[in-house]
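See below for the structure under consideration.
As written, the chains take the letters A, B, C and D, and residue 1 is the first residue of each chain.
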Amino acid sequence: MASNAFGLFFRYTSWGESHGQAVGVVVDGCPAGIPLDEKMLNEALARRAPGRNYFTSPRREEDQGRLLSGVFEGRTTGTPISILITNRDARSSAYELIAPLLRPGHANFTYLAKYGYFDHQGGGRASARETTARVAAGVVARQFASETGSRVLAYLGELGTSQATPVEDPETAAAYALQSPVHAPDVSSEAAFMEELRLVMEEKDSTGGVAHFHILNTPVGLGDPVYEKFHARLAYALMSIPASKGFEIGAGFAAAAGRGSRLNDSFGLREGVVVPAGNNAGGVLGGITTGETVYGRVAFKPTSSIGLPQNTLDLQGKPATFQLPEGSRHDPCVAVRAVPVVEAMCWLVLADALLMQKAVASQNSRPVAALPFAGDGL
Amino acid sequence: MASNAFGLFFRYTSWGESHGQAVGVVVDGCPAGIPLDEKMLNEALARRAPGRNYFTSPRREEDQGRLLSGVFEGRTTGTPISILITNRDARSSAYELIAPLLRPGHANFTYLAKYGYFDHQGGGRASARETTARVAAGVVARQFASETGSRVLAYLGELGTSQATPVEDPETAAAYALQSPVHAPDVSSEAAFMEELRLVMEEKDSTGGVAHFHILNTPVGLGDPVYEKFHARLAYALMSIPASKGFEIGAGFAAAAGRGSRLNDSFGLREGVVVPAGNNAGGVLGGITTGETVYGRVAFKPTSSIGLPQNTLDLQGKPATFQLPEGSRHDPCVAVRAVPVVEAMCWLVLADALLMQKAVASQNSRPVAALPFAGDGL
Amino acid sequence: MASNAFGLFFRYTSWGESHGQAVGVVVDGCPAGIPLDEKMLNEALARRAPGRNYFTSPRREEDQGRLLSGVFEGRTTGTPISILITNRDARSSAYELIAPLLRPGHANFTYLAKYGYFDHQGGGRASARETTARVAAGVVARQFASETGSRVLAYLGELGTSQATPVEDPETAAAYALQSPVHAPDVSSEAAFMEELRLVMEEKDSTGGVAHFHILNTPVGLGDPVYEKFHARLAYALMSIPASKGFEIGAGFAAAAGRGSRLNDSFGLREGVVVPAGNNAGGVLGGITTGETVYGRVAFKPTSSIGLPQNTLDLQGKPATFQLPEGSRHDPCVAVRAVPVVEAMCWLVLADALLMQKAVASQNSRPVAALPFAGDGL
Amino acid sequence: MASNAFGLFFRYTSWGESHGQAVGVVVDGCPAGIPLDEKMLNEALARRAPGRNYFTSPRREEDQGRLLSGVFEGRTTGTPISILITNRDARSSAYELIAPLLRPGHANFTYLAKYGYFDHQGGGRASARETTARVAAGVVARQFASETGSRVLAYLGELGTSQATPVEDPETAAAYALQSPVHAPDVSSEAAFMEELRLVMEEKDSTGGVAHFHILNTPVGLGDPVYEKFHARLAYALMSIPASKGFEIGAGFAAAAGRGSRLNDSFGLREGVVVPAGNNAGGVLGGITTGETVYGRVAFKPTSSIGLPQNTLDLQGKPATFQLPEGSRHDPCVAVRAVPVVEAMCWLVLADALLMQKAVASQNSRPVAALPFAGDGL
């Protein structure tokens, strides 16, 4: 069944296996006239790419995206944008020894049940390599959606048992994370994360983490009520990232233990415009953006691949020990490299919601960009 | 934009406003031959209905569902199933006094921005009354999906600051919750929840809660990899319920702080069939069901409507105090009545995934119901 | 599988069987603020309704539509519009005698093969009664789409072997058809059609016909290239009407025999705006509307139900004679009553395309309503 | 808006401009285990490719398809299949002289109105070059759908004013057409078509044609009633091919002038199985396949590009003469090269319907392949 696409209006289809020739994406629905070139793609891909430092999988991929269609003289033309990223370091032979064993925490058990074949080449479509396509599509979405002034920021807020220092200013935090090898929001959190990662690696184990995201300057009015709520689509998108196990928006799970009198955001004026005076809601009311920052968290489980031996079964159902070969390529914490993927998915949901809103807005609607009714009655 | 429907194959469209004549749903895609009658509908609707006890909104609705099409002699015919529920106690006059104020925590601010009009009749489509349609559609989904032996169970695991006693057996817990006025999983949790609710009501305040759900006997192989992951669609569905702020599957957010060596579920044999030997995964690997129980949690914020006065603005942007009229109808904790809605959405996601799987299953696939490869090689 | 809905943005779901309690439709995606009331619905339904005159099925249906949601004080609110039409004259007993025979030209053979049951109650969803829902939805579409100034006109251009006098002015023709019992475009065609219909009825036979449609004042720029071409969606919509066997746009099949030099429409100026100087194209170039009238034809086969005895098989495969009971209700020519359904589907395709265009239009686009580039260079 | 994809379950997305680097397609939803290789692709692409003979555009394209994903050891894996075809002979400079003129019959007028820019590079996405992607996707569909025994055949039945000799046996006709430079069904029709084409070319003009298609051995039960009728989706697909102006199924427009007594197909037995005894219906009843051959016709207008000078306007609205430069590349009759595209779209609709049917088929359904109820009662 066709299930490798995301988005209703700004829709992309991702293709390619971890150990095939290439991965890629076709973005269908991006408006014309948006600046886009391969340099932008490659900067974003580099951030997600493995092999950059001590803390990520040593797989070496240049991850150079080629723009094959939909762009003319540096601008989108409104036609589908095809992006191709060649796989260079696809060593499927590394997986052959471990082929006939069920891998704890991995999807090869469920793929076998669903499709009747056993992929031993590094995960196929279940591999995090598929997220390369998401990052590439996310660049296109960013180029379009950022024209409204919106910005998506993300960083790693928790890594294993380490929590980052509470972030005051998401912009500073995200700027720091952009160049941090562990996408930490500041220098002391980075040190703590790296210390925990070193420990995890020494133990030949893995750990998880929690990505924090902020969507700034979101236009008011995005998202449709009932089933296409802005945060429902965000949850859908973010929970499709490999290894994600939890999602929350605004005050999230903590809201459940609070009181309405404290959590209800009041209203106030900002430059003559009515705005929420607090943001426990996380930028959405009734599934529609309020214009305040949309923020939330996404939890990632520990990387399934670990260096330690694990009990499992072989395909005949006989007990076996699964151990990755020495020098196998994997990340001690997938949440680190998930950060740019979280950003990409936020951009993609935002771009889709922006186009959706265009189709909704009637002449009776107020401009999406601002709610100008203060002072002039209604 | 058309956005009042959910599901790809087992798809329903919900309609109706809180204070209009009726609410309803059309279920499109339910296979033929499934037992369905109005009695089943009404039992389920009764559970969600307001006015049943001290702890829910005193709005009185009989919530009798009428089956208008798609059923012949007690069985579905494969054609669309139209269900209509008349609104009886729609007192929109009760809202007139509070009309010209922005209500903290409510969607009337965002609806005004998006659509350019101000609904003062009790929430319109943003009202929890819309969830009546979900519960009705959920009955149809249950009738279909339970034929595979699957069961959906839910209860309230947390209410405000009170946590239920950890549940050993979801079946017992859900059976208790079915008749508990606060959908608590056992008698002592019920007492604690009621005590906190009484306190909240005395304070004219509101609180939130966390619904726990369990999908038992899920066939292995449901969900499509990449974007239609089983738990991504669950998140999408559950985060569309009014007031939901967080979702997690399996070990959830706690998984982020753990280690792979402990959280990876190993494999074992059960009656000669290979199965996961643990279930930190929450019944999904790579987005595809493992055959183990799918379980998770959904957080709900406190009810936005509270008895206490709240600072806000009027539509001219002037400071005002918003206070519900004495005797206004609202729930002190919407999470209580959300429990049957959570169940309904789980059934709907499950029914959709079952039909989706039919289109996927090729002759190369193993039967979805069991993974019979143990002992016979591959 | 969910397949009872049409439209991407302006989407409706139809429900109800020919001989059940009611038929209905939910229109999802209609913008807010559009005038709509039950009187409009009922005028349109009356036109399609049976039992109006000698030439249509004597089934008596008042076909009163009830507006259950989505409208407040005579205007749409942007929420789903639910319309219910009760079946009053559903005499399924009339069909009992003929139950165990395959009916030539009818869908009960294919329904039996597809669903495994044999509907002997007058066609179920395959019945033309389903088109009541289309007409109701079409009224909503008309109310929205006519705000752009567009108009949909239709009449019967051919009935059996009789061809209407070539139409000079579609408006006059459609106005005449509106009150003609056979939807003929003028008095002499009406006489010819009625004469042929009388002959057909005397022979206890049936015949077909060709509906002509014209969409006037279509904005330029509707339809998306490649797969969502305006006329491809029209063909999709119109070929879904029961008994339709052919579709053409503009010069249609005749174009195949022509020469490019004659059929290519040149360009000219009209009130300073560039427009096509001819309209062999039928108002579309590359699948996008040119602003000229979109026109075409839809062919309908003869009514399958006839008074003459027909050879067939019973459900045991034994030869049998199928003969409708004396006084059975059917139309001698379904094309007659298809005319308002053709109109409805044209409005629905147009409404959908208008919303689609909103999502497409970028700041680089020229206004859809007119192409103002003449004289000012580019 | 995302509009470059077709199909619900077996879905493909096409990308690439006529004069860009490459065109391509991603097929999402093809089941696993289907034989597929580049040789198959290239044979099909060669048939559609230009530059093969005197009667087609002299543009030289090797049209070698590269399979980038979704295939392992010669079989599909169930993951998206990405196919890339490099453009080699993309001479956009040839178009520069004619850039500032509106081209009669072409889509550059409507593209300008819709998107606000004027593509002078040979048609972009409106170019017939996009159909390369359809043919490539059609090969994948064929590989899957032909496993049921189905076959799609097509040939040119009419070219300009020349009609082919009526075809007795579609298989022989299609086999002849496969190697005929004008896709004629037999030697004498081929001679007539070629004679007319020569005349057209001498006159520096163009003409149209009508493709006939036959889908043999279609399983009974495909297509969903109401809106996803098999022939409604065929019409949708076929009317999306550039230059198509008409579609009919079975007896088509001629049926409108007939009588029910003659056109209703009776039923009979074939090898103990109940089947329609005639096929005026064209293999569908109520939108569901009967198991008989699905057949119909698609009309194509004359090629818009002609050698003769044509009156038009420039972009300032000033009268101008449009004349293609000497040696410009175009086909005298696009219908010729449309034949393999018609075949491809039929395969794609069939593949989609086969997957759709899997999701529909319940345990109550009879097997799709045969209707075995003869003799055994019901």
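Note that a contact is a pair of C-beta atoms (placed from the backbone, for glycine too) under 8 Å apart; a residue touches a chain by one contact, two chains touch by 3 or more.
Not measured: the values here are computed from a predicted model.
*Asks:* Show which chains lie in contact with subunit A and also with subunit B.
*Replies:* The common neighbours are C, D.
*Asks:* State the chain with the largest centre-to-centre distance from subunit C, centres being mean CA positions.
*Replies:* Here the answer is chain A, farthest from subunit C.
*Asks:* With contacts counted as defined, which of the two, A-C or C-D, has more C-beta pairs across the interface?
*Replies:* Taking the two pairs in turn, the one with more contacts turns out to be C-D.
*Asks:* Rounded to a whole Å, what is the gap between the Cα centroids of subunit A and subunit C?
*Replies:* 45
*Asks:* Just how far, in Å, is the C-alpha centre of subunit C from the one of subunit B?
*Replies:* Whole-Å distance between the two chain centres: 39.
*Asks:* Express in whole angstrom the distance between the two chain centres, defined as the mean CA positions of subunit C and subunit D.
*Replies:* Chain centres of subunit C and subunit D, defined by C-alpha means, are spaced 25 Å apart.
*Asks:* Find every residue in subunit C that makes contact with two or more other chains and list them.
*Replies:* 1, 3-5, 9, 14, 32, 78, 115-117, 125, 355-356, 359-360, 362, 364
*Asks:* Within the complex, which stretch of subunit D touches subunit C?
*Replies:* 1, 3-6, 14, 100, 102, 104-107, 109-118, 125-126, 130, 158, 160-161, 200, 203, 205-210, 220-221, 224-229, 231-240, 242, 245-253, 255-261, 263-269, 272, 274, 276, 280-282, 284-291, 297, 299-306, 308, 310-313, 315-317, 335, 356-357, 359-360, 362, 364-366, 368, 371, 373-378
*Asks:* Could you please specify the touching residues of subunit C with respect to subunit B in the complex?
*Replies:* 1-5, 7-11, 13-17, 20-24, 26, 28-29, 32, 68-70, 77-82, 84, 115-117, 119, 124-125, 355
*Asks:* If we count contacts the way the header does, which residues on subunit B are in touch with subunit D in the complex?
*Replies:* Against subunit D, subunit B makes touches at 9, 31-33, 78, 355-356, 358-364.
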